[in-house]
Amino acid sequence: MSGSTFGKLFTVSTFGESHGPGLGGIVDGCPAGIPLDESIIQLELDRRKPGQGGLASTARKEADQIKILSGVFEGVTTGTPIGFYIENTDHRSNDYSKIKDVFRPGHADFTFNGKFGFRDYRGGGRSSGRETVSRVAAGAIAQELLKAEGISIYAYTVELGGIPAEIVDIESAQSQPYFSPDPEAPAKWDERIKDVKSQGDTIGGVVEVRATCVPVGLGEPVFDKLDAKLAHALMSVGAVKGVEIGSGLQAACSLGSLNNDPIGPDGFLSNNAGGILGGISSGQDVVARAYIKPIPSISQEQQTVTTSGDATTITIGGRHDIAAIPRINPVLKAMMALTLADLLLIDRRLGVRD
Amino acid sequence: MSGSTFGKLFTVSTFGESHGPGLGGIVDGCPAGIPLDESIIQLELDRRKPGQGGLASTARKEADQIKILSGVFEGVTTGTPIGFYIENTDHRSNDYSKIKDVFRPGHADFTFNGKFGFRDYRGGGRSSGRETVSRVAAGAIAQELLKAEGISIYAYTVELGGIPAEIVDIESAQSQPYFSPDPEAPAKWDERIKDVKSQGDTIGGVVEVRATCVPVGLGEPVFDKLDAKLAHALMSVGAVKGVEIGSGLQAACSLGSLNNDPIGPDGFLSNNAGGILGGISSGQDVVARAYIKPIPSISQEQQTVTTSGDATTITIGGRHDIAAIPRINPVLKAMMALTLADLLLIDRRLGVRD
Amino acid sequence: MSGSTFGKLFTVSTFGESHGPGLGGIVDGCPAGIPLDESIIQLELDRRKPGQGGLASTARKEADQIKILSGVFEGVTTGTPIGFYIENTDHRSNDYSKIKDVFRPGHADFTFNGKFGFRDYRGGGRSSGRETVSRVAAGAIAQELLKAEGISIYAYTVELGGIPAEIVDIESAQSQPYFSPDPEAPAKWDERIKDVKSQGDTIGGVVEVRATCVPVGLGEPVFDKLDAKLAHALMSVGAVKGVEIGSGLQAACSLGSLNNDPIGPDGFLSNNAGGILGGISSGQDVVARAYIKPIPSISQEQQTVTTSGDATTITIGGRHDIAAIPRINPVLKAMMALTLADLLLIDRRLGVRD
Amino acid sequence: MSGSTFGKLFTVSTFGESHGPGLGGIVDGCPAGIPLDESIIQLELDRRKPGQGGLASTARKEADQIKILSGVFEGVTTGTPIGFYIENTDHRSNDYSKIKDVFRPGHADFTFNGKFGFRDYRGGGRSSGRETVSRVAAGAIAQELLKAEGISIYAYTVELGGIPAEIVDIESAQSQPYFSPDPEAPAKWDERIKDVKSQGDTIGGVVEVRATCVPVGLGEPVFDKLDAKLAHALMSVGAVKGVEIGSGLQAACSLGSLNNDPIGPDGFLSNNAGGILGGISSGQDVVARAYIKPIPSISQEQQTVTTSGDATTITIGGRHDIAAIPRINPVLKAMMALTLADLLLIDRRLGVRD
């Protein structure tokens, strides 16, 4: 529970670094009888692959082949822990001499070194975004559980490099470049990416995550509110610097009379609350947005220090993404799925409601 | 652990409703030997009282007298759980017939009813903002622990009803109306409050929370990152709809070359990261902002339904605040303190660093 | 979670010392709609009072009046945390000068001092058996939840000072001296107590705890087996030095052919397993036994050291019990109830079974 | 946290079944800088292999080759999760038709089926003793951490099939058949095993587990006492039906004057307490004993029912052990190591003591 486990009843624990033999995890607490095989998880992992959408990510090959090691028997979960593993196939013996003794700005080099006394300098180690494969795998399992309850989750890009998208169709966004809900946005984003790349720079953006058909009642009062757990889940993904629920930041400069969602006999008449009231799901769509910072690895020269504290500069070359979007989208989807699955099982303790 | 406990090593568990006999909690895991008495906690509780700053809150009397019930001996903590209690002295037997069978828009009435099958209809029960007295009391204890490590925490208003404040002096903000870091803001905010009140409406705002002198190393990689725990902590406070760290939302439309904080021999040259890299404190100020929605209790007529699902309207009268700010500020401060105290003790497991 | 919280979903956190203002706790996670009032809890607390049965405990008055502070509305639990409190009314300002600087053999004085750097020397502080009032109160709530599922729990004395009882009637044992399941044992035990008391000495014994009508399925494979959680629960009670399940110690010198419980069409034909197979309840009675050491406070002179490490002797006078039995019985019952309640709610995550 | 995770700060989560691809786990929370490689873990795993000591276990080959997947860099732990994996090499495609539809007496077949609705019928699945390889691997890591603090752990057989051993030398017991502390016991035990085997039966025994050089202060008052956690840890191992601490069961029929450990200027003069007072380590050896039931797989005919509830009989043939001892010994050692490692790190939260 020192940081690599998420959830209380439906839990995932993960391990693995960017340049070790592989990464994986354990999903514990999943009820028995949920249909599961490797292909279901592989589908989500493939969405996280580089080169899936737009020009934001480089085309390097990362196989990310999932292997289920336990907890599934004759095509369904058994109720016991589901171990899974993804081998690192692409960790060629790079030359790390350039970054070994230098702290890269915007990376965790400085803080890992400060916390643990040294660091795995090969590409970030545990702090690398590579750890998110385990989240995506576990999230795919959570999504199967949620699917059995009718709940679906979507993660689509609503802004990239300052250029917004309209939310036209979230269903088809899943197969669009950049997971764009707006058919016209990807072309503009491609332009932006090309421009930024030519300057050796990187950009950020905003991803909206939405769960539909969530039953009333998920979330626990006070500290384990659905919005609190969701904020925790999303903010735990590297590069996320802000999280908002429903009308979010706009609520702060709105009026009570405008921000309250009136209720009619057929349900709520608006959804400024983002589907959460008092920390508990209201039956409306659960809506959150994650604000993503630009990738810190840029090819411009940056000012920094060596591990001995001497001033130096660093220019990070190589095959780096220009934006965390769209590769981060399935990760955010996974985190919402893990959050909802956990709160769903916790809510079941109350017994069946009429 | 079903929602009313926060933290892993330095934990607080709370109980209590707006209209029961009282509220309280237990702080467990606090090291022995920290100076503590009731007056230290009372000071923070008094900051949460109505009428402390500006016109945002009504002047009704809430005594909120803290009583320490255990865990302190001869003026210092003993290392065993600190029980505390705050009696409800102001819960006059109101007439609840008006709200008993109606769901108030923007409140947790609908979702509590859906989750638990019924609700304590007397003023919100457990979902009332009144539960935050326990957070403030626990946070005061956490702040004593942090003080022993040299860490201080500030929570000041940076926007109210759409009107921003400049951050001029956070030290003196503690004794300013609205905990304003800008001596000129309170007058403008008073005007805004008067105006909104006259329309029977309410407003929100933005509070910045900052910890100074935080050592390098707090936060655990992957799921228990400092920013993730902080987002959880702040978002768990009712009315908070968004949380950002450092440059936060601005990061999403910035460039990597601008958003990265360069490092010099004397430390970081900027703090867009908000004092957190890879989820671990960097030694800079830890900076977060909470976006607060308007108080949902408004005196304008609102459309809603009865608990039987029939259309009706509701007009909420009585002594209600116009904004959660500034009463929410000590609550947010408490939540950051609880987060840092917990991560501080978890980090100690690694043993002494040089 | 640093020691004063038990359970994962149905949790109790406690606080309080023997000589502070009072003791109490918080039960969190209890489903809504369970009938509860103070009289139900008081009944169990009264069973823990001195002088309830036999001569083992002194007749001093401990009022132990329960006060429910939250979580109950109109006679039923609300699903939110149940705070409770028991004032210390009997903590007269004793003269502690005799024990202040001396470690009492068999007590926690030495280890508390070593762990926390000092100790609350007034009668044991947090290490006093007095903390068990909170367990009994919480256990009474757990028993109400279990009762709603048809589960009952019994704790009866099967040996005292080396003299065994026969298990004749566990139902009526609840109202017998020493909670004896054997109408003939109390007289023999009274004799033993008188004899030991006259020598300034103390005795131990064995208590059996039994749950009836437990459904199949409670307990989680591997680390959170029902027997493991039960052993944890019972061993956490001061004075318990051994725990066995079912045939327990006898199993160690038995044969597989004798120790296995055969299964017939109407169920198991014996219960050596104590109602637990593979860590999961089998539907038979869950049976555990706790081995209790003699009370360490004896009026004979004992060899010890001062807090400065100098050799000295101590003779502990005053109103001390001769045996922890029968006052410990309701505490053990409470611990089994808390264990089962927690595992019951955790098991519910799996959904309804046919 | 639904059963496959142990510990709060130094945690192990495990996965895997007897007949799946493999077993493994994640150790999280281990401080950085502890020397670790696969050979250290392999040594402990080899102690758990069949045929290591005496005739109690069959000689079938189980390679149990450990593979570290993360958390170790340049020969030391990095402070991030240590993933490990042990492939199942010996799971030949057996014929399970005989046990598929029958509940084996003394096994978890009946309760797994009842809990999860069906079961992995191939040799026990998750309920098989095979899961303990993950405990042993994790325990080996815990022992490295403890070693750095000077703490050693021993597990030796003190009784087998009713025949006791004398505790002559616990150091050399590690390399004796049956991990016997008495050079004369193994021959007697061999005889007993031969005899029992010829009758198609099985036996149990008693294992003592001891930690030396434990510092004062490990264990948390009330629920997370060292003895309570230890009882939890040991009882969670399949086949353990009783746990005692120090004088244990003898304490129940002793006198206070005999059972209290007097204290002299050089320390305690006896160790009836088993190194634990008030749930906190006293600096003496921590001593616990686990009572092990006979292996339930016997080759005698047993009465049972089919999964449809019809009466039948079963005769379990094949390569089964006669006693869980000595293969269970390294497992019990591992569980004590995991318990102490966790409490050691939790205790560090208090800061450095003088």
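Going by the order they are written in, the chains are A, B, C and D; count residues from 1 in each one.
In this text, contacts are C-beta pairs under 8 Å (C-beta built on N, C-alpha and C of every residue); 3 or more make two chains touch, one makes a residue touch a chain.
A quick note: this is a predicted structure, and the numbers were derived from the prediction, not measured.
Chemist: Measuring between Cα centroids, what's the chain most distant from chain C?
Modeler: A
Chemist: With respect to inter-chain C-beta contacts, which pair, A-C or A-D, contains the greater number?
Modeler: Higher contact count goes to A-D.
Chemist: Over half of the contact pairs shared by residue number: find the pair among A-D, A-B or C-D that meets that against B-C.
Modeler: More than half of its contact pairs match B-C, so it is A-D.
Chemist: Express in whole angstrom the distance between the two chain centres, defined as the mean CA positions of chain A and chain B.
Modeler: Chain centroid spacing, chain A to chain B, equals 26 Å.
Chemist: Report, in whole Å, the distance between the mean C-alpha point of chain A and the mean C-alpha point of chain C.
Modeler: Roughly 45 Å, centre to centre.
Chemist: With centres defined as the mean C-alpha position, give me the chain A-chain D separation in Å.
Modeler: Distance between chain centres: 38 Å.
Chemist: For chain D, what residues touch not just one other chain but two or more?
Modeler: 1-5, 8-10, 14, 29, 32, 79-80, 115-117, 126, 221, 346, 349-350
Chemist: Would you tell me which residues of chain B are touching chain C in their complex?
Modeler: Listed in rising order, the residues are 1-5, 7-11, 13-17, 20-26, 28-29, 32-33, 67, 69-71, 73, 78-83, 85, 115-120, 125-126.
Chemist: Under the touch definition given earlier, write down the residues of chain D that touch chain C in their complex.
Modeler: Going through chain D, the ones touching chain C are 1-6, 8, 14, 103, 105-108, 110-112, 114-117, 126-127, 131, 159, 161-162, 196, 199-206, 216-217, 219-225, 227-236, 238, 240-249, 251-257, 259-265, 269, 273-274, 276-283, 291-298, 300, 302-305, 309-311, 346-347, 349-350, 353-354.
Chemist: Which positions of chain A touch chain C when the two form their complex?
Modeler: Interface residues on chain A, with respect to chain C: 8-10, 29, 31-32, 79-80, 221, 345-346, 348-352.
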